[in-house]
Structures are given as C-alpha cells and as structure tokens.
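Pasting the structures in now, so scroll down.
After this come two complexes, each holding chain A, first together with chain B and then together with chain C.
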Partner chain A sequence: MRLWIELVVSGLITGGIYALVAMGLNLQYGLMRILNVSHGEFLMLGAYLTYWAYLVMHLSPFVFLPPLLVGLFVVGLVVHRLCFRRLAETTPEVEAFEARSLLVGFGLMFVVQNVALLVWGADLRGYQYLAGTVSIAGVGFTANRLVAFAAALVLGLGLIAVLRATLLGRAVRAMMQSPTGALLVGIDVRRLHPAVFGVGLALAGAAGALLSMVFEISPSMGEPYTVTALIVIALGGFGSVTGSLLGGLLLGVVEAIGMHLTSPSLKMVLSYGVFMLVLITRPNGLFVR
Partner chain B sequence: MSAALRITGLSAGYSGFRILDGLDLDLAAGRITAIVGSNGAGKSTLLRSLAGLLPRGGQAMVDGRVLPPGSATAAVRAGLILVAEGRHLFPRMTVLENLQLGGWLLARPERAARLERALALFPRLGERRNQLAGSMSGGEQQMVALARALVGRPRLLMLDEPSLGLAPRLVDEVMTLVRRIRDEDVTVLLVEQNVAKALAIADDALVLERGRLVASGPAAELLRSSLVRAAYLGGRR
Partner chain C sequence: MMRVLAIALVAALVLVGASLDTSAQSDAPPIKIGYAISRTGPFAPGAQATQEPSYILWAEQVNAAGGLNVKGQKRKIELVSYDDRSEVETIVRTFEKLMVTDKVDLILPPWGSTANFAVAPLADKHGYPVLAPTALSMKLVDMKLPNFFSMLPQPYVLMAAAADMLAANGVKTVAVIYMDDVFGLENIAAFEPAVKAKGIEIVDKKSYPLGIKDLSPVLRAIKDKNPDAFVGLTYPPDTILASKQSKEIGFNPKVFFTAVGTAFPLYKQVMGADSDGVSGIGSWSVKTSPAAKAYFDAHVKRFQKEPDRWASAHCWAGLQILQAAIEKVGMDRKAIREYIASNEHATIIGPVRFKGSEIQFPGTVGQWVGGDFEVVWPANRATAKLVVPKPAWK
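Right after this comes the complex of A and B.
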C-alpha cells in the first residue's frame, strides 16, 4: 500500500508541473492557434532566472515567483508583437498560420536555447531549497516537491477560477469558442491575444521556477516538457484549460506507475503510448463532452 | 426624420473581389428597414462591413459620428451591433454568460440593468439562464443571439437572416420580437430571405442588386411594387 501511495503522490507532483506547462500552451494554441514549440524554452528561462535569483540575490523561489511571472508576461507581449502578430495579419487561413507559427516556434526555440547556453553554459546547475523530508501516510517526500506541487495546483486552479468566474476570463473562453462571436460583442482580440500569450509564457516560467527547486537544470531541459505538454493537451482536449490540469495530473500518475511496472527508461514510450491511445479512441480528449 | 446611419461611397468585398462599390445610403432612426436582394447582391457584405468584420472603403456615420472601418470593437461601442447569420453564440457557456458578454463594453451596473431588461423581453431565456447555449434548439439560440445583442446597448441592430432554419411558427415569433425591439427605440436593419415576412414587419425597405441600390421607400409600397413582386415574391411584373 505504501508503495502505491508513493507512486500516486510522486505522479501527482510531476503531473502538477506538466499541467502548468500544458495549461499555458493550451491557452496559446486554443485561442490563437499558435503552435508554440518553444514553450519549454521559456520554462527553462524561468528555471535559470530563479536559480540566478537564488544564487546571486539569495531570493527564495517563492519570493521571486511574482516578479518572474510579470517578467515573462512582458516577454510574452514582446514575443507576440515581434513574431506572431504580423504573422496572424498576413496569414488569415488557420491551417497556414498553424504551420508558420510552428516554424517560428522552432526558430525561437533555438534562439532562446543558445542564449541560455551563452549566458549560463551547458553544465547542469542546481541549488538546495527545502530539501528536508516530510512524511505523508508513512511515506517520505522531500518538502520542495510537495511545495512545488501545491504551488502548481494553486496557480492552475487560480487560472481556472479567473477563466470561469470573471468577465475577462469569460471573454477569453468566448474567443476560444467563437472568434466571430467575440468580435460581435466587441471583445478587442488585438489586445487580448498578446495578453493571453503572455499569460501562457508566465505559466511556463512558473513551472520552470518550481522545477528548479527539485531538479538540476540545463539549457536543453525545456524540449521534453513541450512534447509532454502537447501530450497533456491531447489528453485534456484542445482549448480546455481544466482538461489540461486533469490531463497533466493523470499523465504524471500513469508515468509513475508505468515506470514502476516496467522500466524508468520507458518513460517516453509510456507517454507516447497514452498519447496515441487517446488520439485513436478519444480524439477530442478525455474530458471534453 | 433623423438619420441613424449615413453611408457614403461604401465599398467592400472578399479577397480582392469587390461586391459593394460606392454605395450611398441613409437609414431613418427608430424604424425597421428591410434590405431585399438576390443571393450575392451584397446584403450580408453590407452588414458585415459595417460591423467591422470586413474591411471597407467609404464613410459610415452613426448618429453623426464617423465609424472607423475594420474595427468590430469600435462598431459595438458606437452601438452598431450585428446578429450574424449562424448566430455565433458561445456554445459551451450558459445563456447567462452569453448575455453578460453581450455587455462586455458596458460598465457593470449598466450591464446588469440591460441584462435584466433583455430577460424581461425574453422570459423563456430567464427560465433557462443556466442552460448551455449550445444545447438549445435553433429558435432558442436565435433568441439568445437577439438578447445578447440587446444587452450591448444597440442604437442600430443589424439582423442577418434571423429566420434561417427556423420552423414557421418560430419565424413569426422572431418577427414579433424584432418589432418589439424597434419599439424599444432601437433602429433595425433587417436582411431576411423571407421577403414577404420582412416587408410585412418593416417600415422601410431597400432593394440591392449586384451591390447597387436600385429601389427604396416605404416597405408597404415596395411590397406592392411590380419590381419586388416579380423578383422576390414570385409574382408578375
């Protein structure tokens, strides 16, 4: 029984991070059809900035989290303005825009990764934060993992609450459900699109900050999280932020149990297996009615 | 009679293909004006370009103020609200959420007041305020679309084929509602496939052919005219 508790809790902890990354990417894709494959690089950027703030300014990751969110939100506005706004204006066809945004995303991925390599080098880096052990139902977990999970959950649920309970959040959902309908009620999509893109990057950065408390970081750490986020989005449904939260948690648990029953080296095989199974049996996602 | 909408030299179209070219038009305030014309005459293009969904040339003035082209937000802010063909509701949101978003540009107290007023006009929607819009029948969805537009404080309400896909009984219901909306001091511009029904409830009418205005006048007169009867009502000139 203890083993299963450990597996499920470990899976949920990892899944919380997956959810946070996927929620940001799903907002960007669900709203603007931007297939931002550089999403994970901004997670990496968040991780390095948090590491740097801890090392140089001795700031706790949680104290640094609010300025990091604001900073990456602003980076999102700039990236959207420089890369995606003009692309959207010159490419009215959705399919063509998705393809071109994918190519732009690849370009961004290499730019951000190489800037990180230049600034911080290729070595693995890390720091010790809340490394003590906490016992849950007789199973020991490091405090930083539990705290990271709690923070991911708070951010994820907070985003869902904003989307559901505020008029601004409803406007974002409206743009996802009917772009023409949103225009007809006067929602200014030219202002909201960059803001939502910025929120997506801020969430990726937050996920990176939380990861940096738990794992060692490197300039190439972002890529696998982009792939995982796409799998989570397929699980939870394209455009469904709540689905991304549930999908992320589910994928984390499936990976943890699957790796225990098979081998840790089969982690990606398990993820892709789930991905293909869902695409074949429930192409709209597990949680979309 | 004051003009709610004055259009001068309006041109609009799709992908470089110009459908409207140099259209001039004055629309009387507080009345229902029906636009009649065959498919491709430019009726929907006119509404969509005025609503800011399509780029346009020329000038449009609402209550004496110039409307900037190509901005849906500016159009709604000026009180030019379109209920487009296909309704474009937010299907995974409740009726209430759809109506609240109709008042997106209004301050909270005004939005709440207008929402209550719209629900008073459409009591059936009040009973179903928590139902998802996408799960409603076509007629009910049309009512949500009309009510959502009303929450937005329209000065000029543009209706594009409001009876499309509805049963005859519901068409009559929608037409009655359009009259009641006019009685609330809202100017209505109506594009409707059912020409007889449209002219029966309209005060004025315009006939568009290939992007040009070929006739205009009181709806009752046009309903009797040989041009309209022959072209749109299956009668003889």
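Right after this comes the complex of A and C.
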C-alpha cells in the first residue's frame, strides 16, 4: 500500500509540471490555432533566468517568479507581434495557418535554443534550493518537488478560475468556442490574442522556474516537454484547459506506475501507448463532453 | 488538425544545432584538425564538461607557443569543428565530410561510446588515427581497428576494479541500474561477471532510457530489497537524479556508486555536502601529479570551470600523445599511427602504452572525500582514503 501511495504521489508531482506546460500550449492552440513547438524553449528560458537570478542576485525562485511571469508575458507580446500577427493577417485559412505557425515555431526553437547556448553554454547547470527531505505519512519527498507541485497546481487552478469567473476569461472561452461569434459580439481579437499568447509563454516560463529547482538544466531541456505537452493536450482535448490539467496529472501517474511495473526503459512506450489509445477510442480527448 | 499534430510530434524530435568554426592564423600552413562534437542535444553536457574544452585549450596553448614543430617548421593548429547535435547520423556525415571533402590533416574523436562506435570504423577506413577519451565498448575494441586507440580502460577493467572495491569492503548484495545504450549495456555486461566472481549477489537490475526524469519508482523498489551497495551505470543527468532521489526516499546503502558525471564539478554544486562519500568512476585528481595540477589550473583559468576527474585528463593525455607523435614523425598519418601503437608515452595520467586498441591503465574508483573528488581505489593510485560505509545523506 505504501508503495502505491509513493508511486501515485511521485506521478502527480511529475504530472503537475506536465499539466502546467500543456495548459500554456493548449491556450495558444485552442484560442489562436498557433501550434507553438518552441513552447519548451520558453520553459528552458524560464529555467535559466531563474537559475541566473538565484546565482547572481541570490533570489529565491519564488520571489523571482512574479517578475519572471511578467517578463515572459512581455516576451510573448513581442513574439506575437513580430511573428504571429502578420502570419494571422496573411493566412486566413485555419489549416494553412496551423501548418505555417508550426514552421514559425521551429524557427523560434532554433533561435531561442541557440541564444541560450551562446549565453550560458551547453553545460548542465543546477543549484540547491529546498533540497531537504519532507516526510508525509512516512513517505519521504524532497521539499522542492513538493513545492513545485503545489505551485504548478495553484497556477493551473488559478488559470482555470480566471477563465471561468472573469469577463476576460469568458471572452477567451468565447473565442475558443466560436471565433466568428466572438467577433460579432465585439470581442477585441487584436488585444486578446497577444495577451493570451503572452500568458501561455508565462506559464511555460513558470514551469521552467519550478523545474530548475528540481532538475539540472541545459539548453536542450525544453523539447521533451513540448512533446509531452502535445500528448497531454491530445489526452485532455484541444482547447480544454481543465482537460490539460487532468491529462497532465494522469500521464504522470500512468508513467510512474507503468515504469514501476515494467521498466523505466519503456517510459516512451507507455506515454505513446496512452496517447494512441486515446486517439483511437476518444479522438476528441478524454475530458471533452 | 490530426495531421498537423503528427507532423509536430515527429518534427519536435528533431534536434536543433548550430556550427561554429574556430580558426587560427599563421605564416606556415596550419595543421587542420577536424572534429564534430555535441554542443547541443543530450550528449552536450558530457561533451562540454569532458572533451571539447581540452581540444580548445590544447590548440590555444600550442598556438601560443608558436605551433607544433613539424620537421623543423613551426605550424599552428587550425581546429575545424562542427556541432554534431548528439545525432549519430550527423556525427557520421560530418566526419565523412571532414575526411573526404575537407581533407583535414587529422581528426579528434567525438564524445561518448555511441558516437565513437559509429566513427571509429569510418576513421579507420580513411586511415585517420583516433585517440578516443570517452569510448567504453569492448565490441569496438574487439573490432581490432588499427587506427583506433581507447584512452580509457575498458568496462571489464573498470568494473573489475569496482567489484574488487565492493568485495574488499564486505559488500554481499548489490542493486544496479543501467542506461539502455552502448555505455550501459557494455558496462552491465562487464559488471555482472565481475561481481559474481567475487561472490556478490545482484538483487535487482533495471535499465532506463536517456533523458529519464523520475527514477524514484525504481529506487523505492530497490530500497525495499535493502542491498549493501547501489551501482548506477549512469550518465550525468541521471547520476544526479539517482543521487537526489535516493536521498529523497532515504536510501543510503553502504556504498553508493554512480558512473559518468559523479566526477563532474556540477555534482558537488548541486549535491552540496551530500556528495560526501559518493563513489564513482574517477582516475585522477590534482594530487596525482604536478602536470595534472597544471592542466587543472589552465582549464579553470580558460573556461572558469573545472575539468572532470575522469576522462578529461585522459582526453588531455590523448592530445599529448598526438602532439608528441606529430613532432616526432611529422604529418604522415600512417607513421603517426605506428608511433602511437609502438611506444610508451609520458602523459599527465602517467606513462601509458597500448595493447591493440586498449590503453594499459588500471581500473580505478573515485569518491567525493572532504569536498574533492579523489582516487580511492586501488591503493597504489589512491589520492585519498576510501570512506565506507557512506555517511548518511544530510
């Protein structure tokens, strides 16, 4: 029994990060059809900035989190202005826009990753933060993993609350459900799109900041998370932010238990197995009504 | 939409990279030395900690001294280098280009067992001698390629030393995890007979893939079996992951041994006082020799980071051998190969010679002792005393 609790909690911790990354990406995709494959690179950027703030200014990752969120939000506005706004204006068909945004995403991936390489080099880097062990019901966990999970959950639930309860959130959801309808009732797309893109990047950056407390960071750390985020999005349903949260947690738990029962070498098989199973049985996602 | 998603998934697996060229200027024609190494991708942290800095430092030191003395003419070194993006196809293609199209004078090896396994036969075919500082593979040695020289003792030597150390310290049971690539597979294949010969029982054995983010499910199962020793045939990120998560679950065996990365300065940086008593593969420290100390200091001065306490020095030793060969016999690759194969060489890791592809160098074990990574086994190479049992995680 103890082992199962350990496995599930361990899976939830990993899944919390998956969820946070996927929510940001899903927001961008669900609202604007931007398939931003460079999402993981902004996660990496968040991780490096947090590392750097800790190293140079001795700032706790949590103190640095608010300025980081604002910073990446602004980066998001700029990236949207430079890359995606023009693309959206010149490409009215959704299918073509998706494909082109994918290419732009790849371009961004090269640029951001290589900028990080130039600035920080390819070395693994890391720092010690809350590295002590906390015991919960007799099961030990590193403090930084627990707080990272808690923070991921707070950010994720916070985002859902904003989307559900505020006028801004309603506008965003309206855009997701019916872009044309939303335009007709007077929702300002030119202001909403960049803002939501920025929020997506800020969430990626937050995930990176949390990850940097737990794992070592390198310029190539982001890509696996982009891939995982795409799987989570498919699990939870396109455009469903709540679905991404649940999907991320689910994937984390499936991986942890699956790795215990089989072998860690089969981790990718497990992730893609779940992915294919969902695509075959519930192609619109597990949590879409 | 599904199609776009599929493209995205496939394409996201493609790694990103850039290539940089560093070149030197000189009056006499420079010696062109080419290599591809990982600056991006999963191999990059290892390659950048252990290998490429030494290449650059070497070329800079040689050029600062006016170049290499080739048949009475001072010739500078021009490094022609590319990022291999940690992709085997790119590695092979780039080396092919260096040797066939660019026609460089000499090549330097890529990082890691997998990459060297791919490049060595190719280099041999084109007659380029290679002194590989990061290749652990008996399969590669068994190919008996005349132009391939391994600067590291092979897995059976390393694992025999580890098994010796375990047995001498009363270890009866061991749990082992290994990465499922050439490095892990070759080492587990050497480790199993080595510990069995010493009467040590393997109570758990699990493989895991590159890029793993959570080893705690495996470690918790191992903890329940309560082995005397834990051995991780791991790469840098998983070395740290296994250490952190063992601490997390309170798994503190008598001997805690992890492979690549334990000897990296990063290990102490992220593990802090917890690094104390952790064993791993290591073969030298600044106390090994004044020359080793000089190399260490030059490395720190140039890159503001320490070399690792294992293959970095072997890499430097390989460059020393290459330099001696060039200055002795000139630029003829066949003559260089003969010189390397048939002489004893003075290096910072001591005098070495080759038997076939294999360096004649004992297996060694290192350990974090008093804040530094020291050689602790065998006794005649030790720079510090082995600490067993490992102190508790702080």
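Everything that follows uses one rule, which is that the second predicted complex is superposed on the first by the 289 of 289 C-alpha atoms of A that agree within 3 Å, B and C clash if a C-alpha of one lies under 4 Å from a C-alpha of the other, contacts with A are read in each partner's own complex, and residues count from 1 in each chain.
One rule holds for everything that comes next: a residue touches a chain if its C-beta (ideal position, glycine included) is under 8 Å from a C-beta of that chain, and two chains touch if they have at least 3 such contacts.
Bear in mind the structure is a predicted one, so any value in this text is a computation, not a measurement.
Participant: Quick check on the superposition: with chain A as the shared anchor, is it clash or fit for chain B versus chain C?
Facilitator: Here the two partners, once superposed via chain A, fit next to each other without clashing.
Participant: Touching A:I280, do we find chain B (first), chain C (second), both, or neither?
Facilitator: Touch status of A:I280: no partner.
Participant: Looking only at chain A, is it chain B or chain C that touches more of its residues?
Facilitator: Higher number of touched chain A residues: C.
Participant: Go through the superposed model and pick first if A:T14 touches only chain B, second if only chain C, both, or neither.
Facilitator: Touch status of A:T14: second partner only.
Participant: In the overlay, answer first, second, both or neither for which of chain B and chain C A:R170 touches.
Facilitator: So A:R170 only meets chain B here.
Participant: Would you sort A:M57 into first (chain B), second (chain C), both or neither based on which partner it touches?
Facilitator: Neither: A:M57 stays clear of chain B and chain C.
Participant: Does chain B (first) or chain C (second) touch A:L102, or do both, or does neither?
Facilitator: In the superposition, A:L102 contacts chain C only.
Participant: For A:F215, using the defined touch cut-off, is the partner it touches chain B, chain C, both, or neither? Pick first, second, both or neither.
Facilitator: Second partner only, chain C.
Participant: Quick one: classify A:E223 as touching chain B (first), chain C (second), both or neither.
Facilitator: second
Participant: For the overlay built on chain A, what is the smallest gap between any CA atom of chain B and any CA atom of chain C, in Å?
Facilitator: 21
Participant: Starting from the residues of chain A touching chain B, keep only those that also touch chain C in the other complex, and list them.
Facilitator: Common to the two interfaces on chain A: nothing.
Participant: Please name which positions on chain A make contact with chain C in the complex.
Facilitator: My answer: residues 3, 6-7, 10, 14, 35, 37, 95, 98-99, 102, 106, 109-110, 113-114, 117, 121-128, 131, 133, 140-142, 145, 215-216, 218-220, 223-224, 226-227, 230-231, 234, 238, 255-257, 259-260, 263-265, 267-268, 279, 283.
Participant: Residue numbers of chain B touching chain A in their complex, please.
Facilitator: On the chain B side, the touching residues are 51-53, 72-73, 75-77, 81-84, 87-93, 97, 100-102, 104-105, 148-149, 152.
Participant: Can you tell me which positions in chain C touch chain A when the two form their complex?
Facilitator: So the residues of chain C in touch with chain A come to 1-2, 4-5, 7-9, 11-13, 15-16, 18, 38-42, 44-45, 47-49, 180, 206-209, 211-218, 220-221, 224, 236-237, 240-241, 244-245, 247-250, 264, 266, 269-272, 274, 305, 393.
Participant: With touch defined as at the start, can you tell me which chain A residues reach chain B in the complex?
Facilitator: Those residues of chain A that touch chain B are 167, 170-171, 173-174, 177-178, 180-188.
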